[in-house]
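Below: a set of structures, written as C-alpha cells.
Shared between the two complexes below is chain A, which has chain B as its partner in the first and chain C in the second.
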Partner chain A sequence: MIRSDAALKSRGGASYGLDLETPGMLHGVLVPAPVASGTIRSVDLSAARRAPGVVVAVGAGELAALLPHGGDRDRPVFPSTQVLYRNQPVAAVAATTLAEARAAARLVRVDVAPAAPLLDIEDRYPEWPTDLATNAPGVVAHVLARHGDLDRAFRSAEFVHRETYRTNGVQHVALEPHACLAEVTDGTWRVRTTTQTPFGVREDAAEILGIPPESLVVEGTWVGGGFGSKGAAFLEPFALVLAAASGRPVRVAFGYRDEFLQDRTTLPAVLRFETAVAKGVITARRVRMMLDTGASLPGRDFATGYAIGFLLGPYRIPVFEMEGYAIRTNKPPFGPHRAPFAPQCVFAVESHTDSLARRLGVDPVEFRLRHVWREGDRTALHQEVGPFGATAALERAQGTIADWRRTLPAGTGIGVGLGFWSTSTGAGGEVRLRLTPAELVIEQAEHEIGSGSIVRGLVAVAERYFGIPADRIRVTNSPTSTAPFDSGVFGSRTAGALGRAIEAAGDRLLTELRSRSGATDPVRLESGPGGFLVVGGSSRRPLADLLTVEERRDGLVAEGRHYGRSGAIDTSRVVEGSFYPYTDFTAAVQVAAVRVDRETGSVKVIRYAAFHDVGTSLDPRMVRGQVEGGVAMGLGTALTEETLWGADGRMLNPGLLDYRVPTIAEIPPTEVVAIEGFLGAGPFGAKGLGEPPIIPVPAAVANAVTDATGVRVTELPLTPERVARALMLL
Partner chain B sequence: MTGPVALVVNGVPAPATDVPDDERLLDTLRWRLGRKGTKEGCRTGDCGACTVLVDGETTLSCLTLTHEVAGAAITTIEGIADDGLGRRVQSAFAEEDALQCGYCTPGFIVAVTGVLAELGPNATRESILDALQGNLCRCTGYLAIQRAVERVRGGTP
Partner chain C sequence: MTFSLERPETVGEAIRILSDPSYAPAVPLAGGTDLLLDVDEGRIPARTVVSLARLPWRTLHWEGDTLVVGATLPFAKLPAEAGVRTRLPGLVDAVEAVGSLALRHRATLGGNLGRAAPASDVLPILLAVGAVVRLVSASGEREVPIGQFVRGSRETSLARAELIESVAIPSAPRSAYVWQRVRPANDVSQVGVAVAWAGAPGAWQVALGGVLPTPVRVAEAEAQLPNDPPTAAEIDLAARAAAAGAAFTTDKRATESYRRRLVSTLVRRGFARAMAAGGVP
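Right, the complex of A and B next:
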C-alpha cells in the first residue's frame, strides 16, 4: 500500500509552515540576547521603531498592555531581568518585509550587565554533587531510588567494575525549520503552524500568554520533520504577541542558523557506573547521572527520573542505587529529541554491559541473555514486566552475528546494542468516525509529521478493524476549535492511542448498525461495488438503507477515545524525586559491523541489522521506513553529531558544514526484522515504533568499534579524533 | 538595483519585473511566482531542498541569483513530470516509500532526475550516490531513496 500522501508530496503540492502567507501580513524577527548570562539593564526599541517598514516593536515592557496580567510570570514571552542563554529572544519587531524586520531588529539596543555563564556541568561539579544537591547551585532536580544493601553486595562481589561515560548534545535538523503565521481579531487568537501537537501548542502558548486556551485556535500544516522539535509552543507566542500589537497577520519563521542556535534538544551528560559481579552475573549496581538541562527543563523531574531508569538496562539487577542530577546551564532549554536521551543512556549502559562481558570472557549476547527481563520479571522499581521481545530479538541477533563472523572480512568489528523503551505512553486521544455508504472518514487533530502514523497507521487500523479496503478510508484533520482532542504525535504513541480510539468508535458504530438492522448477531462491514454493506448472520443489507438522508450525506457519526494506563511502581524504593512506570515494554536489538581505520580513527559502518519488538506489525512497509530512518539518524548520533559550545555560551557549529548529519553515501545495507507476538497496548497488540529504532545505534556502533580495536571510546560521538586518541593509548 | 527578468519556468515564460539584483532564484520562484513546491531549507547550499534544474543541470536555487538565469530553462518539481525520466523518478519515490515528511522530496526528485540524466545509464551506483550527497533527508535513512533510484535504473533495488 502506497502511503496516501505520496502523490501530493512527490509533486511538491504539500504546504508546510514555511509556505504560509496571507495578504497584508508582516514579518516578525526576534531580537537575540547578546550574552549567555546577565542582568538586563534596558532594552531600547526606539531606533527600531523609527526604522523603515517597521509597524511594531515589542519587548518585556510592552507585554502588560498586550496580555492579560502581562502573560505568565514564570515563563514570560520576553525576560525582564535575567538573560538565561545567548540568543534568548528579548524583543521582537514586525515590519512590512523580512529585510526591513531584520534590519530593525539589529537596531534594538539590548544593554545587559554580563555575568559569567555556566556552560559545562563538569566545570561546576568536577566531583559529584553531594547529597545536599537540591540546595547546590544550579541543581534543579535531584532523583534518587535504591533497593537492597549496596555496600554488602559490593563487599561480597568478585569485582566491582567502574566506568564513566560522557555524551554530548545533538540537534534535530528537521529539514523544515519552525514557522508560523498568527492573527488576532476580536479576541480570538489564531495561529497556523507546523507542529507535532496542535493541542499541545494551544495549551502551552495560552499559558505563556495568560489567555484561556479556548480563545486560541491552532491550525496545523504539513510538518517537515519533527523528531520532538515541534512538540511544544516555540515561535507561536512571539508571532501572536506581534499580531496582537500590530493588528495585522504576522509570520515568524526561523532559518537554519536560528534553528541551530536555539534548538531545544538533548544536552550533554556524565554517566557513572559501578557494577558488582559474582559468579558471572551482576549482583548490584550504583549508577549516577549529571544531566545538563540548559536554561530550563519542562518536566525536569520526568526527564531525570525517566532517563535514569534506562541506566540499569532491561536487566535483572537485584540491588541498586540510582541517582540523577539535573543541572542548569546557560544554554537553550533541554527539549525532547526522538526517544529523549535514550540513545545516550543506552550507549553508556550497553557499552558498560559489554565491558563486563569482556572482563568475564563471556559472549556479549550470552551475557545479556543471562540478565534480560522476561515477561513476569520485576523492574528495579518492582513494576511487573509485560510481554517483552528482548530475548527473541537477542536470539535472532545471535544468528546474524554468527553469520557475519563467517562471511565478513577479518578485522571487521561486530557489536550489539539492546535498547529498551516504554512506548505507547498513557497520553490520550480521541477520534470521530463518519461512515457514509461510500467511505469511512477518520476525523482527528494531528497532521502527518512523516512517520506515516496518521496517513497510513490510522488507515491500517481501520482497514483491519472493519475489514474494508484502504481506498475507502480517509483521514482528515481540523483546527483545535473543531477537532477531537489528541495529545500529539510523540512518544511512539500516535497510531497506538488513536488506533485504539478508532476501535472504540468502531464498536459504537457497529453496535448502532446492529440495532438498526435488527440483526441478532454482531454485524460487520463489507465493501461492495455500490457502497458498504452491513453483514450479520444471514442478514446482508446496504448501509444506505440503514441511514437517514442526512447521514447518507454527512455520515453516521461515532466518537471514540483512548486514555492509556501504565503499571504501578513500588514507591517505597524512591527516596527523592519522581520516577514513572513504563507502558509497553519495547525491545530493540541492533547489530553493527564496522571497519576502523587505525591511522585516522575513522569508523565506517559496513553492515547493519535491526530486530524490533513491534508487538503486531500494522504495515511492514511503515515498519521498515521507521527502522531505516531511525538507524540513519542514530548513526549521526553515534559518529558525527555534536553541538560545540564556546566558553562565552556561543554555539560554535551552527550549520550543516560543521554539524554533520549522515548523507546518502554513508548508510550501510540494513536488514530489518520485526519480532511479532509480544503484544502491546496498541490496536491488535501493536507497540510504538517511532522512537525505538534510534535508541541502540550508538551502543551497537561503539561495541563494534571495541570489537575491532580492543579499545573503548567512552564519549559520544565516536569522532575520528576520539577513536584515534583511544587507539594511541593502547 | 532592480530590473526585469525573463524567466522560463517549466517551459512557460514567467517574466518578472523589479527583481533586485541580489534576489535568489529560490525566493523568486516561491514568493514572486508562487511555485512553492521548491522548498526552502538552509539557504547556504548544504541541504539540497531547493534543488532545481537549470538547462538540465542540478542547481541550488538558494545560491543562484535570479538575474543569472534569465532566459535559461528552469525546471522545478512542478514541471519535473513533463519529462519521462522525471515522471519515472517521481513515481519510484512513491512506490518505494522514498518520502516521509516530504520536505526534502521535491529537491531530491529533481536532483535524482538531473543526476541520472547527466551521468547516463552506465553510471556506477557509487557515482550516483556520491552525486546525491548534497541532498539531505532526515526521515527515510536514504535506503528507500536508493531503492527508488535503482527502480528507475531498472536494476534490482
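Right, the complex of A and C next:
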C-alpha cells in the first residue's frame, strides 16, 4: 500500500468536517447580506430569536458582550456599517436543528441602504490608473519596481511588442465543504475543523476574536481537499462566537452552494505587456497588472508584488519596469488558490513569449532557451538563482514535441508553457519523533489534505533517512495544545519543511543512540524481526537494550525543527510596495497537444506531457499522482472554469452545473517526467510539487491553440465562444 | 426543504393524491435529477412529492413504426433496446447527450418533458420526428403533439393532476441530434440541432434547442429542402435560414451571435450525420 490512509478512506472510516458531532450540539447558520454594497441601517434579530428551536442569534451589536475586545478589529466577525459583498455574513443564528436554524436565519431582517456595487475593475479604470493612483478610489495596493533605462531600450529596439491579457476568477471546488464544531467552556475556546493550517486558524481566529492564541485549541480532521481554501480561519470564528453566546457546542457547515458563494479565491486581472526585442532577444519589458481583490486582499501589496513577479517569467530581462494595482470590488475577498494567481500570470507571460517567438520566426522552445535562467543567474530583483532544471526540462520537452509532430495527425496544435515556483519559504515547522523498538512515530500538527504530503511524504523521508521500511513508520497528529508547531499544508512546503525537521530530529536520535551504544562510528537503524537494531561499525545491538523501560513503551523522543531561509531582493530596484523574495526555484515545463474545431471553437486536449524540476523524487508514484492531479485541475482553469457575476453582485454560476470543472472525459493521457538532480532545499534535495503542476497548464493549452489556428486567445478560460471570437467566426 | 414522499401503487392513486388539496402543493417525481434540485433550493414549493416509481411505466414497445416509451423508463435503457438505434438514431444521439451515464440511469424521458427545459437535449429530436405525448388524468386520456405540449420555458400544457404516461415517437431511420457545449461531458447544451426525414420528399424536419425559451421547428429552414436527398447547396441555405430566425437568447452560457454561428454549423453537421445514419427503414 503506497498510502497509509488508503484502506481507511476506502472503507469510509476517515472522519471529515461534516462528520463532526457531539451531544447537545447546536447548528449555526450565517445570515447573508442581501446586497453587494451598502450601509447597514439595522440588523433586526428579534423575529429570529422567537423562532422555534433558536437558542441564540448574534449580530455585530451583540458581539461586544461576548468578546473581550468586542471583535472590533480590522476583520470584525460581522460588519457593523458597510456591506462589502453579497452574502457577506452579517449575523448568525444557532438552533437545535439545521432546518430550524435555516428557517430562523431567513427571519433576520437586514436593512441596508444599498449603494451601486463595483464589480469590474475595468469599469472603474477603463484606462489604467495613473502613477499617482495609490490613493485613488478602490486602489488598495500599488507596487512598482524598475531597473535600467526603459525608454532608451525601447527606442533602440527593433520592435516593441504590446499585448493585453485578461483572466477570470476560478474556484477551489474541494469535494469537502468547510465545517467546524466549536465549544467554549471555562475560558477555553476549542474548535474542531477541517483545515490546512491548525496553527494558522488558531492565530487568525484568536486575532479576529480578540483572545490570546493560547486560550484557543484547534483540532483538525481529515481534509477532503483544500487547494488553499482551508488555509485561514473562515467558519471557525462564527462557530466560536455562537458557542460562547449559547454555552453549547455549535457546528457551522457550508452547503455546497455556500462553497461557491463564499469562496475566497482568485479573481479577475488585466495584464499588459510591452516587450522590446533586438537581435532576436528580449532587451526590456514593461508589465502592468490590475488585480481584482474583491472585498479585501490579504497581504495587500505583498500579494500584489508576489503576483507581478511572475510576469517577467524565469527569463533574463536586463531592463524592466513592473507595476501592479490591486483594486477593490464588491465580491468575496481574494484568497489563495493552488499556486495563487501563478497559472493566470504564466498564461499571460507565456502566451506573450510565444507571440514574440512567432513574430521573430523562432521556435518557441528555442526562444525560451535563449532567455531562461540558469544556475547563478540573477532575477529581476537581483536574487541569485540556485540549481534550476528549466533548461533540462525544456530540452526534454523538445524531444516530445518533435515526436508528436511526427506522429500526431496534421492539424494538431502543440504548445509549451514554462512556469517557475518558489517552494521552500521561510514558513517553518517542527516534529517530534518517538522511537520504540517496534516503530517510529512522527508526531506533528498537520492532517492529510489529499495530496499525500503527510501520510506518504513524511513517511518517505523517514524511510529514506533511517533506512527502515514504511510499515514501521507511523504519522500522528494532535491538537494545537500539544502538537509541535507547524505553519500549515500549503505553498508546496509541507513534505519539504517537515521532512527537514524529521532529519533534524533524526540526527538527534542517532547521536543519542551512538552515545548510549558507545559506538565510535555513526550509527544507523536496521529493521529486524524482533524490532529495530542499532548498527554502527561492527556493533549490532537491539534498540531495546539501549532504552529505559519507559522508553521502550513511550519511545525515545527527539524534536526537530526547520525554519527555511527567505530569499532577499535588491530593494534599490523597488520604488513602491513590497515584492516577494522567492527562494529555492523550481521549474515546470508542460506540453499540450490540441485539436481545435474551427467552426465551433471547441478545444480538445489530446495529449499532455509534464516535465518537472523535482530535485529528488521522494516517491515517483506520488510525483506522478501529484502532477496528473495538477494538470487535470489546470485544464479547468485553461478551458472551462470561470466565475460569472451579475450586475447586482450575484454570482451567476454557484454550482457544479455552470461552474465547469473537467470531468475524466476531458483529461488526456499525461506523460510525467521528473527532472532530477537540480537539488533544492528539501530533504535529499527534494523540491515541492504541490503547486507547480497546475502553473503552466493554461499557457501550454493556449499556445497549442495558437499553433493549431494561428490566432491568439487573450482571455482565460479558452471557452469555445472565446476561441470562436478569436477565429473571427462571430 | 423538507417534504413528504408518497409512493402510489396505481395511476388512479397518484392522480388522487396530486388532486387532493390536503397534499398541496404536490409534484410528481420521475427520476428526480432535475426536479429535486429545485425542490431542495426552494424554487419549487412542494409539501408532497409523489413518486411515480411504482407505476407500470418503465416500458418500451413498438406500435408498428412508432416507438412508445413509458414516462418513467430511465434514459439508459433506451439505446440498448433492439431496433431503436437503427430506427431512431437521432433519438439515441439525444438520449446519450443527456447528463452522464450515471444520471441517465435515473433520469427519464417523461421527467425531461415534464420539466420542459429550454436546453433539453431530447425535445428537439421529438419535435423533428413529430412525437406525441400521451397524458392521463381523472378525466381520462388525451394525446398532445409535442409542439403543443411545450408551452414555454419550464411550461407545459399539463393540467393540474395530469401525468405523462408515455411518448409515441415515429421512427426516423435518417435522423440525428448534434450539440455544442462549453464542456463536452455532462454540461448543458448551448445549442442542439435535430434533423429527421419524415419519409417523403420535402419532408426534412429541423428543430433547434437552447436558442429560445422553448425548442422550435424552423419552417424557414425546412422550406429550403424540397428534394431528397438534399443537395449541399440546399443544406447550406437551410443552415442560413435556421440561423437567421427570431432573436436568440443571450445568457450566461452563450451570446446570441455565438448561438447563431452554432446553429448554422450544427444544421450542416446534423444533415451529414443523419444522411450517414443508414436510411434502411
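We adopt the following convention: the second predicted complex is superposed on the first by the 726 of 730 C-alpha atoms of A that agree within 3 Å, B and C clash if a C-alpha of one lies under 4 Å from a C-alpha of the other, contacts with A are read in each partner's own complex, and residues count from 1 in each chain.
The rule is short, and it goes like this: contacts are C-beta pairs under 8 Å (C-beta built on N, C-alpha and C of every residue); 3 or more make two chains touch, one makes a residue touch a chain.
It should be emphasised that the depicted structure is a prediction, and the values quoted were computed from it without experimental measurement.
Novice: Is A:Leu644 contacted by the first partner chain B, the second partner chain C, both or neither?
Specialist: Only chain C is touched by A:Leu644; chain B is not.
Novice: After superposition on the shared chain, which partner residues are touched by A:Tyr125: those of chain B (first), chain C (second), both, or neither?
Specialist: neither
Novice: First (chain B), second (chain C), both or neither: which does A:Ala665 touch?
Specialist: After superposition on chain A, A:Ala665 lies in contact with both partners, chain B and chain C.
Novice: Quick one: is A:Phe585 in contact with chain B, with chain C, with both, or with neither? Answer first, second, both or neither.
Specialist: neither
Novice: First (chain B), second (chain C), both or neither: which does A:Val223 touch?
Specialist: After superposition on chain A, A:Val223 lies in contact with chain B alone.
Novice: Have a look at where A:Thr719 lands relative to chain B and chain C in the superposition and call it first, second, both or neither.
Specialist: second
Novice: Please tell me which partner, chain B or chain C, touches more residues of chain A.
Specialist: Touching more residues of chain A than the other partner does is B.
Novice: So, does A:Leu729 touch the first partner chain B, the second partner chain C, both, or neither?
Specialist: second
Novice: Check whether A:Tyr325 is in contact with chain B, with chain C, with both or with neither, and answer first, second, both or neither.
Specialist: neither
Novice: A:Leu657 contacts which: chain B (first), chain C (second), both, neither?
Specialist: Both partners.
Novice: Residue overlap on chain A between the chain B contact set and the chain C contact set?
Specialist: 657, 662-665
Novice: In their complex, what parts of chain B are in touch with chain A?
Specialist: 30-31, 36-44, 46-47, 49, 76-78, 80-81, 90-91, 93-95, 97, 99-106, 109, 126, 129-130, 132-146
Novice: Which of the residues in chain C come into contact with chain A in the complex?
Specialist: 2, 41, 100, 180-188, 190, 252-255, 257-258, 261-262, 265
Novice: Going by the contact rule at the top, pick out the chain A residues touching chain C in the complex.
Specialist: 99, 257, 599-600, 602, 604, 639-640, 644, 652-653, 657-658, 660, 662-666, 719-721, 724-725, 729-730
Novice: Can you tell me which positions in chain A touch chain B when the two form their complex?
Specialist: Residues 2-3, 5-16, 18-19, 21, 172-176, 222-227, 255-256, 448-452, 621-622, 624-625, 628-633, 655-657, 661-665, 667, 669-670 of chain A touch chain B in their complex.
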